[in-house]
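Two complexes are shown next, each including subunit A; its partner changes from subunit B in the first to subunit C in the second.
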Partner chain A sequence: MTVSWKFHSDSGLTAELVGSLAINQRQDGTTGDVDGVIYLGSIEEGKTLQADSDPGVDQIVVSIADSNVDPGNSPEITDIKLSTSNAGLASAVAGDPLNVGLTLTSGVGNKVEVHYRIITPTAPTGTYAELSLNTNPVREI
Partner chain B sequence: MTFSKNTLSSRGFSSGAAEVGDVYVVSSPPFVNTIFVPSVISVAVQNVLFKTGTVGAAIQNVLNYRTGAVSMAFRHNVFNVGVVSASIQNNINERTGVVTAAIQNNVFQPVSLSASIENRLGAAALGKIWKAVIVLNGVDMSSRQTGLIEIEIEEDAARIANFQLLPFSGGIDPYDWIGVSVTIDYLTYDSTGAEQSNHRVFTGVVDEPIYNPATRFTSFECTDGQQEFFEQKTKAQIDDVTGGYHSDVVFGETEDLWEYARQRLSTQPASFDFDAYRVGRLTDWQSKAVADLNFDASNIIHESLGLKLISRRDVVNTVNIKLGYRFGRKWQREIGGSWHYPRPFYQYLSDQTTLPNRGMILGALDSGWDIKSIFFTKLPPSGQFTNTEGSQTTWSITDELRDYLVFGVGFTLAKKWLQDVTEDYQIQVTADASIAKHGVIKADEFYALDEEVEEEFEKVSEPATLSSSSSTDSSIETGKSFGYTEPDLGGVAVGDYDTIIDPADRASFDNAVQTAIAEARTHILKTHRANTVVIQDLLSPTADTDKTASVSTSEVTAKGKIKRVSHRLDTESGEALSTIELSLYQPNSPGQVDDAIAVPEQANTTPSIDTTGISLSTHIGGRTTKKYSEDWTGYIGNWTSARTFPSEWYPNEFRVDIPAIEDDARDAQTFVASSVINTAIPQDILTINI
Partner chain C sequence: MGRSTPKTDLAGDLNKLVSQNVSKNKNTLPPREPRAPINAQKGSGREGVVAGDGAAAAIEEQGILKSSDGMFIIYYDYHRHA
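Moving on to the complex of A and B:
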């Protein structure tokens, strides 16, 4: 049984985020930081989501993963900031995971906003697909 | 209630406000405390404080003994802490039946949700804004499109497209979508919204619309209809489109035009598919000298480069073709013989012997051969003739007897038969450059072509059909069999008596050989281009299977024909990528010889036959002691007068011994021919930089 919680690209939770978040930046950094938001939520009724490690006690955490195909010469987790609001990105620590709650409830109104800020990576010109946002193991009830 | 009186000695005492139910003490020096029974009457307590000092006061307790007990009522409120109990009333009603309870197990598997991030740094298409324009049945449906658009392009296959449209208002009849036209264009814009490029990436028809009642989305699976394209053509039209070879001997007969087209394509190192506008094109597998598309680190998605080399097990560098060409060789033998009475007529006139008759001779010739021609020498007609002694003798004979008796005969016999001849061709198609690299890795193919045999050819005409042109005035009468036919044109004379005729039209055989060689050659080439390099880049709308692409990275340098392209456009994430697969010939060996597809030199099937003619002699009994022999041929008779004794008396017969047909001309024969055809492996570029 799959978890109904998904990352979505729209606030109405109608567009499940499939594929990658494509971030275009000039290699010389002139593009600047790129901000965006994705939505974590479920449109099913009567569901809750908790951390699998200790449901209701441990936080559901969205963290940045790096498959590190070319460490030091490709995007790193410190190139991304996370926050539950755009304003919070300013004070967020790059690379830090984001706690989104002990228990999440389904429904469009209960979605969690995951704001990100992509800092231009220090990497050669190219297209990289090694970073991702991931939750810790969760269970849906 | 019992009352008591206490007298206390005290330095002071104060009391708060009196309340009903309390005990009150009233003290005054001398302290006499009188304990009253509480009542509803309140008593003011007056405390009078005196100066400090030592005040002695005798305390007189006057105790009046009364019976009874002093008691105070206490009210205890006792609570049960933490345990709430409730009585449970079970009403058990006895009923019959089965009690069921549904059990719902909710089993959860913890998962981590994930969203990948794609960083594009300094790519050429930086800032590109794209849009997919989908026109369905002439109507622009782009605004309804949602989710993924996928387009698959592959050599020799139909171009496939999938996309999904948002719900329509009103009734939906997905069946109406089947077969309607579809085009997909890929447009890019700059940061100001100005159109930068517009490329058609798909033209086709809806193959299957799928309506999802839950989401109300309609998915469309579309095809360019390559298979249908061929199925609506004739074989001749397909020949024009695909080229190549086809032989029923190699592939078997088929009326499946799609299969027929694919069989033709399997005989040439090229692919047929439609372009983005649904126009067919045949593209050679060999890459162009200059690549149409160039990919390097600037446009290849990081770490998307993939390389797959062929497995030795999948390589074929030698194909042994055995093709048997079997036909019925037509033999026609015409062999002549003659017999003439061994003495001049004047001697016969003086001293006669028996003579053969026509029936006797024709009977002797009735041995499964046709009589092509025959002539009989008659006895002279009645008249005066000089005999041996030099005197005139009257010779009297009826015309009937002249026609009956034979003084000499000449004939030509003819026979036709079929010989089973097989030309066994052993053709080896090789790729020497690969053999040098991998050793021989072979495959064997067997084919057979049987020409239709005319069984009627061997049919013998009946001697009774002999016709004759007779003239009583002539000493010669000729005859000719009705059944005899002249040999077909194109026959080859063998020896003095025989003509052989083989199938004049070897086009089917030649085509079968060429097809078999071409298919083997193509198969070899195909296994040597199974090396692939795969890259992923931002959508490249011009990438197609008719293009040559080069890849240049620090790890791999390659150039080859594009074998497969997969476009993936995600209108939700903004991802628009192309996965491009190059097919590369290997090994790369210079100086290879590429032999043409040629029919091997025909096997020498000319027979060497030594046939002897028909020998006829004369044996006359009655004056000889020579024993009769069944080996005698010709006329065997006797003297009609002056028999000597002892002497042998022979049966009157005419015997013809027709030489038997030699085994080499009768039995099935197989002739072997062989050839070797080398295939050059085209030169693509594949360098792995370690």
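Moving on to the complex of A and C:
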């Protein structure tokens, strides 16, 4: 058994995000920002999710992970903004983690939207697959 | 010349003392609950350890949620070759 909360690519929480999201941008920045949204939720019934560090008190946090920190030569977490709404991306600070709540409840209607914005590239032309999303340690009850 | 002996009611005084003593020793504490049998306090030695508030027993799963590694595949200048 694992935690039933997953990242999903659809709002109905039917498609768990197991592949990758392809982001296409021109290196010179002329493509502009690329926005998208994924969904964090559980289709189980009667479950709650809380931060393991201090359940119900600490935030559940979604953050960007970078397996190859090399500023100037590869994408960094500061190339991505996160927010719980598309409108919130404008004021979000690139690279900052996203608080999604103290307690999440299962069910499609209770999913959390995780909006992301890939901002102007800082790395050379190339293909990169080093950025992903993680939460802090959580517990499901 | 005879000594006068004070008249006393010895029996009455004795009763008075006894009644005072009884009232001093009156136990005002509530009655004790019956002590549980010794055997009932002993476990089998196989009981599970339960957290103080019992919350730990309710946890079903713990972990870190991760998107698949390389969730964001970024192609810079992807359109240049299209």
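Methods note: the second predicted complex is superposed on the first by the 138 of 141 C-alpha atoms of A that agree within 3 Å, B and C clash if a C-alpha of one lies under 4 Å from a C-alpha of the other, contacts with A are read in each partner's own complex, and residues count from 1 in each chain.
Note that a contact is a pair of C-beta atoms (placed from the backbone, for glycine too) under 8 Å apart; a residue touches a chain by one contact, two chains touch by 3 or more.
Note that the structure is a prediction, hence the values are computed from the model and not measured.
Student: Which of the two partners, first being subunit B and second being subunit C, lies in contact with A:4: first, second, both, or neither?
Tutor: second
Student: Using the superposition on chain A described above, determine whether A:15 touches subunit B (first), subunit C (second), both, or neither.
Tutor: First partner only, subunit B.
Student: Have a look at where A:70 lands relative to subunit B and subunit C in the superposition and call it first, second, both or neither.
Tutor: A:70 sits against subunit B, while subunit C stays out of touch.
Student: Is A:85 in contact with subunit B, with subunit C, with both, or with neither (first, second, both, neither)?
Tutor: A:85 sits against neither subunit B nor subunit C.
Student: Same subunit A residues contacting subunit B and subunit C, which ones?
Tutor: Looking at subunit A, the two contact sets intersect at 1-3, 5-7, 17-28, 38, 40, 52, 65, 75, 79-80, 118, 121, 123-141.
Student: Using the touch rule from the top, collect the residues of subunit B that touch subunit A in their complex.
Tutor: Of all residues in subunit B, those touching subunit A are 106-123, 126-128, 146-148, 297-304, 537-538, 568, 570, 572-575.
Student: Which of the residues in subunit A end up touching subunit C in this complex?
Tutor: These residues of subunit A touch subunit C: 1-7, 17-28, 31, 38, 40, 47, 52, 55, 65, 67, 75, 79-80, 116, 118, 121, 123-141.
Student: Which residues, counting only subunit C, touch subunit A once they are in their complex?
Tutor: 55, 58-80
Student: Write out the stretch or stretches of subunit A touching subunit B in their complex.
Tutor: Spelled out, the residues of subunit A in touch with subunit B are 1-3, 5-7, 9, 15-28, 38, 40, 52, 65, 69-70, 74-75, 79-80, 118, 120-121, 123-141.
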